[in-house]
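First chain A sits with chain B, and in the next complex the same chain sits with chain C.
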Partner chain A sequence: MDLDPRQYENLAVNDNDIHNIVLSYLIHNCYKESVESFIACTGATQPADYLEDMDKRKRIFHFALEGNALKAIELTEQLAKDILENNKDLQFDLLSLHFVELVCSRKCTEALEFAQTKLGPFGKEPKYMEKLEDFMALLAYKEPEKSPMFHLLSLEYRQQVADSLNRAILAHLNLPSYTAMERLIQQATVVRQCLSQEAGKDAPPPFSLKDFLRS
Partner chain B sequence: MAGTIRKEILKVVLRETNEKEEKKKEAEAPSKLDTSNSTGGFVAVSTDIMKYTSVYPDKPELNVILADEPAPWKNLLYYFEIYVKDADFKGKIAIGFTLALFLMNIEPWWEDLIAGHESSHGVLYSGDEDTGSTFLSGDVIGAGINYSTNEFFFCKNGELVHSVPNNLSNRGLYPTIAVLSQHEEMHVNFGQKPFAFNLKDFEARERRKQQQKIEEISLSPQVTYSLIRSYLLHSGYEDTFNSFDVVPSSPITDEQTNTLNHRSTLRQLIMNGNVDGAFAKVHEWYPQIVEVGSQLCIYLLHYYGCYKFELIFKLAYEMPLEVLANAVNAFVLSTDPHMEEAKDCLHSPLERLLKQLTACKRYEGEDFLVEKEFSKRD
Partner chain C sequence: MELSAIKDAFDRVTKKQKLSCSKTQEAIDLIRQEIESVLDTLQSVNNTDHELDYKTVLNELKASLLKIAPLSQMEGTQKELNLALTKYGKLHEKHFNPDISKAYRNVDIDIHTLNQIIANHFYRQGLFEIGDHFMSVVGELESAAIMKSPFLEMYQILEAMQNLNLEPALNWAATNGDKLAQSGSDIVLKLNSMQFVKILQNGSREEALHYARTHLSPFATSHMTDIQKLMGCLLWTGKLDRSPYHALLSASNWDKLAEELKRQFCNLLGQSYNSPLSVTVAAGVQVLPPLLKFMNVMAGKKHEWQSMNQLPVLVELDREFQFHSIFVCPVSKEQATEDNPPMLMSCGHVLCKQSILKMSKNSTKMFKCPYCPFDIDAAQCKQLYF
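Showing the complex of A and B:
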């Protein structure tokens, strides 16, 4: 008789596994104090590569998150010149963050000049053309926050770019660019979806992470 | 001494049991065509060679033979092949999967099945009439089930030629061969010999697709942040929680912060081996636990195999300190009036998620090792 996966409560989970998942998340996201405190609390094994450039990554991440893209670019290039050279998408995203900051500061002339000199060359490729049009459209509004492209000014957008930059740096350092935590959630979601499909009509409602976390 | 001997005996017994289980598992996969599981006319020359001769020489008759076992379903793929040694040039041969019930009422389903369409009894494939790509002497034809995409797939001479959605249950599908001819001779391969079709490459491609599907699921940083936060809060790692919780998130779970300092102290005492000190603190801070005040507390005692709270500490020297610390943490959380369910005291959402994934993976037949799964480089 197969174990019904819904009876998961009876399964034992190894504390070390949980500790490693939490630690990988804290390291990935540069929570340096939390890493040190967690290792002290749990006696978890300190990964050999744990401190590797964490302070630098943290500074770069926060500059990108605050919208100070030029500083983030400068520090990234100090850390490893070829990260941005080999990643045009990321380069474009960071430069566009600076453009957005200029627009938000109502420095429209400066923003236009910056777009022409730094973002313009990307326009030769169709995939950037569409994005460029969205960014340039911000200049047409007195209050860009109320424009249809308002999401480009959001913290979520900056977070997205900062995350991509952090992942690129981690990959360059030959460290995992995704946390165990993210993989865990993604895998659980897919596996649960597959099981729902297999069970057909008798299946419980489709797996929803939001509902699961609320339950 | 006696204890050591007992342990050794137990090891041997367990090993034998495991070996028996392994053998049983192996025996469950199809290994041959079963003449007793057919409509007649089939004769096994050897375990892998099957001859068919129609009992009515003047008119071809439809006959079907199934494998001795259904396809194992706890895999990513299942596949088998036949080599058509000698085919009746006027006849038809088809390959696929059917449910055992199929044999009892074969005729009405034949037309549907033979065209490679699925019926409620299974699916068989006899090649493509339109392109003239039917199965002849010398052909190697294969049929498989792709459990990750829920499809049946068919191959001819090592090439993938056809696939059909699988809306049937994954269980109880028998590898099946059907003939509508005067005579046939075929060699069956259930994996005892290398296949003409490169199954390894196909499986690797399917795994990559599956991995891609996993990686494409987008997650908001808030989800991962709140899972980690709730874990630190739930487990009583106060210092880590305080340094982590720079941007306090929604106060949904924050009732737990009321006891955070106490739980942190108790965990530290226990992890440092000071069980008596921890017990004294529990007596001082939470007399209601010691007196087993709530239903929740009774449940937790049952969960940890005790009937009195004191017994938790009596067992302390037999259970790992981490387990003891988790037990005490759960009891303190149970004093919170907002805690309605035992599962909320016992495990954080992160732990529940990991338990679920492990259970699901085991159910799907995969050996799931967290360490292997999540420590690998991208």
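Showing the complex of A and C:
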């Protein structure tokens, strides 16, 4: 048993709000063509510099996702000069992406040189030590893909770093780091869980986003 | 052994000795002062025209010396010192009784085995010349070479390690790698780690990386944390002493590694880490005092002690001398022996064989376990080996 539709179907939702929610999601994820199509179809208006920044962000995001961290760093510094200086964690993650790329390319001597010059200084801070050891351990394996640290070579890890970088740039541009869509889903899920707990045994089943999207 | 009592007695002797010494010195100083005073008087009279009655002066000196009474002063403290010394001597005799014959029984010892134990001790201590000399004196020189050769190899490895050369140790580890792995030892990793750190400290980054990929990578899955730390060291090539890993450079690591190597070497030879002789002596030192004390109390019952199967008193031995468990039967309250071994019953509880035989009427009937409601068949009980 789900919530009774009569409880919410009379609640008016403004089309503009929905357009803005969708648009913010598309902009956040740098879907430039989709943004342009969406604006053309709905007549929604967005400042021009959003599109320009989005183009740069898209390139940065893709470079990070491909593991070309040095290019991502270069473009990030062009877009927002001090963003990495003020975010050591992100700087470390990007540099380590490049290190991983060198290891995967079997350029071990180069990787070691890079680690010593660029990653080494982070070793003075205990919070980076463990991560550094994980990355350095990749060098012990002739086939790092088969090492216990294989997750550091995965697309998921690069995606994670690329997402962090994207959020940092958005925050720097005074844009929301998280999309309205994400926030709404998170909030709706929490509200449904709370309602479920309050209602006790008469409560509808726990909220599942997957099931909701199917219905 | 109550060494504190002996120390206290010794301290009392030294205290009395110091007191006696200072009292004697005081008396001598007073006598000297009196004599010097008289000499001054005589001297001053000689320098003038006055006449002096020498007899009177000397009588006065005699009187003042009697008044000081140095002998009686010194006698008192000397008596106290002698008393303390006598007490100390008696206490010493009581605690350090050289006659240990009461606490042992005469057992026929195979002299050949005893010689082997002594020689083995010399060789495993690295005292090869003494070992050889001993074996030649007892006329067993032919077996010396066989006993000595593995320890010669061990000490060559250890000597090289003292000179910070790990090559012989690494060769030994490589040769015996499989056996060491079977015994659950990680000394191969420890030796290779030490060599890796040594290469790093010399500042050769590429060589260290190559070494790690060749010799450390086989351990990368089983000892991941160690490998991560070692690989982290690569970031500090040539300056490890200023790195978070500076502890790896501690000289004590070499000592620990040498000890570990010695332990594993002996293990592969099928021998204990400590020589049987040193273990026996060390355990004996702990056991003798309570046994001597007991035998002094039971002085008249010598024959009983000679025929006993186990020690007549509970002797607390340190952990390093406990090589196997002992079992005391919860029914008979007796310690298990070879003739009366511990037996595992089908319910999982353990009793001594004789208790089981007694309760099962010589294995003719089932009986209830004294600890649980199980019915036990004596025929199904299995002997336990500790």
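Worth pointing out:
As a convention for this text, the second predicted complex is superposed on the first by the 187 of 215 C-alpha atoms of A that agree within 3 Å, B and C clash if a C-alpha of one lies under 4 Å from a C-alpha of the other, contacts with A are read in each partner's own complex, and residues count from 1 in each chain.
As a working rule, a contact is a pair of C-beta atoms (placed from the backbone, for glycine too) under 8 Å apart; a residue touches a chain by one contact, two chains touch by 3 or more.
Just so it is clear, the structure is predicted and the values come from calculations on it, not from any experiment.
When both complexes are overlaid on chain A, the residue A:L112 reaches chain C alone and has no touch with chain B.
Set against each other, chain B and chain C touch different numbers of residues in chain A, with B touching more. Applying the stated contact rule after C-alpha superposition, one finds that A:S147 touches chain C and leaves chain B untouched. Applying the stated contact rule after C-alpha superposition, one finds that A:L132 touches chain C and leaves chain B untouched. In the superposed pair of complexes, A:Q78 makes contact with neither chain B nor chain C.
In the superposed pair of complexes, A:N86 makes contact with neither chain B nor chain C.
When the two complexes are laid over each other on chain A, chain A has no residue in contact with both chain B and chain C.
Contacts from chain A toward chain C in the complex involve residues 108-109, 112, 115-116, 119-120, 123, 126, 129, 132-134, 136-137, 139-142, 147-148.
Against chain A, the residues of chain C that register as touching in their complex are 205-206, 209, 212-213, 216-217, 220-221, 224, 227-232, 234-237, 243-244.
Interface residues of chain A facing chain B in the complex, by the touch rule stated above, are 2-9, 11, 13-15, 17-18, 20-22, 24-26, 31, 33-34, 37-38, 40-43, 159, 163, 171, 174-192, 194-195, 197-198, 200, 209, 212-213. Chain B makes touch with chain A in their complex at residues 148, 150, 169-170, 210, 213-215, 217, 219, 221, 223-224, 226-228, 231-232, 237, 239-240, 243-244, 267-268, 271, 322, 326, 343, 347, 349-364, 370-371, 373-378.
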